[in-house]
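Got a structure for you, written out below as structure tokens; questions coming shortly.
Chain naming follows the written order as A, B and C, and within any one chain the residues start at number 1.
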Amino acid sequence: MDDLLEAARLVEALLFAASEPMSEADIAKRLPPGIKASSVIERLRLDYAGRGVEPVQLGGKWHFRTAPDLGPALALTKREERRLTRAMEETLAIIAYQQPVTRPEIEAIRGVSVGSSTIDGLLDTGWIKPGPRKDVPGRPLTWLTTPAFLKAFGLASLNDLPGMDDLRAAGMLDTASLLNLDPAAPADSEGQIAAKDGSA
Amino acid sequence: MEPEQGEEWTVDLAGYEGPIDLLLTLARDRKIDLTALSISALADQYLAFIAGAKTARLEVAAEYLVMAAWLAYLKSRLLLPRDVPAPDGRSATEMAEALAEQMRRLEAMQQAAKRLFALPRLGRDWLPRGVPEGLPVHKQADWTADFTSLLRAYGALMARRTPAPVLTVDPGLLTSVEDAMARLERLVGTLPAWGDLRSFLPKGLQPGIQSRSALAASFVASLEMAKAGHVRLRQDETYGPLYLSQRCDAGTAGPVAPEEPSDG
Amino acid sequence: MDDLLEAARLVEALLFAASEPMSEADIAKRLPPGIKASSVIERLRLDYAGRGVEPVQLGGKWHFRTAPDLGPALALTKREERRLTRAMEETLAIIAYQQPVTRPEIEAIRGVSVGSSTIDGLLDTGWIKPGPRKDVPGRPLTWLTTPAFLKAFGLASLNDLPGMDDLRAAGMLDTASLLNLDPAAPADSEGQIAAKDGSA
């Protein structure tokens, strides 16, 4: 009997049966001595390549999910899905890539004030949450993404956000330089946006 | 308030997420490079756009106008032969570069948002396991016990086994119902009228079990005799003294005084 | 593209994600025309033969379940700290001091019957074990403590158990304390044996 195959059987059964994704450490605990969890997972990934279900990492833990290309065939689009506004999408991206980030920082990047409805709408998705206050004048609240965000977007971790490495390398995620940037930097960024604001 | 026709391009601010977004869009549409050198050209485009919007009598949000004023200022500074620093210490080139940097940043985040929202999404593109069976859990107890508590438990058990004090009564102290009845039969005829039950008890009873036993036996005996029709019983109040007399007695006299105080 | 493989991918995703088992008719509805549900299921069964999960029929409907041989390996042992009950404590103490001792003898000392759960619980601790049968009518089993008992209570040998005099000196053999029975002590659910012990 092929030990790796036997271990792969066990891990696929584990991941199918477990009610939550499992960390590599959790998986390793169930394996016989001498079998590395990472090797078994790699074997499983190969076994399931091109199948209708696949093992993927989500928030640092492994689970099986249906192959994304099958979404339309599974008729998943029938589920009513509230579309996010562009303001919400961009704000979420800024929070995801630059967290912890304050509202003034988000506004500095977007060059426009962020309406309450944008934050409220994102809070409704369960994808963002308030973080600790930032130690600058006014002590603004920071914003973070939640585990539900990683789950919804099928991300293993924040480092797996698309283009994360490139953005970091290009210095695009450096919030320290942000506040000197704003060219039009009016003293008050609040209250100057009329109802036209697309984020409303 | 119909927008005037024949504009060079359609003026509509509703589609933009603020002035930087508008600048970015203009740069993209007009293929203007985001270097400090071309910011002047971009400023022209922006100012023209805002002018167009005003001509079309669109409501232009203040932030767009602030940016327009700032760009006009920047452009005039850039046109100066010598780059004189502004009051805030920044040269026009630095200001232009700051603007370009902010545009690049917003552009980067806009692209990030696009890529983020292009990811396969839970519920739209993929589903997790529908109904996971769950993993069986075997509970294993880690027993803990405290030695002192164990010793205490044993000590209490052993203490319980040492003989407990037992109530022992000398049979000679007790009066039987039969004896009491015989005594009552004998005495009741000798009394002139109603007599307190207690007055029929023998003298010299020890207080406590001996007295109580005699009283209880006499009470039961009196009930038996009343049932048999030999005596009559009377009690004037609840818990009051019980009187008895011979059946044939007319009950003319009051109760006699007890022979001795009762401890009942 | 292999149509049957593509259909098998879809069906495995369907069965994987479905909230309840699916009938062949349910499956057929999701398949492109010209593909028979039974053929797809047969293909899936072959694909999953010998794997850790497999499509099985349950009441005429299909679902994925873990391979039965993996059941024990999937189980997770959860350790939980448990304290001895009062009944277990008393019984263990009697066995420790009076071994070899039979259950009727234990009951005579405790004044209450000793439930099976008490003995089972003590066996689970690994601190007691059955000894030889006693040569009296009924030949009842005797009970002894194990080396694990000594180890758990930090005793070198049974001789290290404190004697009656030690207990008395420590105030643990105090008859007066009987009159103030610990109100917090749990009621003995095993039921008093009437008249067996005058002091009860």
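Everything that follows uses one rule, which is that a contact is a pair of C-beta atoms (placed from the backbone, for glycine too) under 8 Å apart; a residue touches a chain by one contact, two chains touch by 3 or more.
Quick caveat: nothing in here was measured; it's all calculated off a predicted structure.
Trainee: Identify the chain whose mean C-alpha position lies nearest to the mean of all protein C-alpha atoms shown.
Mentor: The most central chain here turns out to be B.
Trainee: From the centre of chain C, which other chain's Cα mean sits the farthest off?
Mentor: The most distant chain relative to chain C turns out to be A.
Trainee: If you average the CA atoms of chain B and of chain C, how many Å lie between those two points?
Mentor: 31
Trainee: Averaging over Cα atoms per chain, report the distance between chain A and chain C in Å.
Mentor: 42
Trainee: So, what's the distance in Å between the C-alpha centres of chain B and chain A?
Mentor: Chain centres of chain A and chain B, defined by C-alpha means, are spaced 34 Å apart.
Trainee: Residues of chain B that touch two or more other chains: which are they?
Mentor: 127-129, 133, 135
Trainee: Among all residues of chain A, which ones touch two or more of the remaining chains?
Mentor: 14, 16-17, 64, 66-67, 70, 74
Trainee: For chain C, which residues are in contact with chain B within the complex?
Mentor: Against chain B, the touching part of chain C is residues 13, 16-20, 65-66, 71, 74-84, 86, 89-90, 92-94, 96-97, 109-111, 124-125, 127, 152-154, 162, 164, 167-168, 170, 172-175, 177-178, 197-200.
Trainee: For chain B, which residues count as touching chain A in their complex?
Mentor: Against chain A, the touching part of chain B is residues 13-21, 59, 61-63, 66-67, 70, 74, 95, 98-99, 101-102, 104-106, 108-113, 115-129, 132-135.
Trainee: Which of the residues in chain A end up touching chain C in this complex?
Mentor: 8-14, 16-17, 30, 50-53, 64, 66-67, 70, 73-75
Trainee: How about chain B: which of its residues touch chain C in the complex?
Mentor: Touch list, chain B to chain C: 127-131, 133, 135-145, 147, 149-164, 166.
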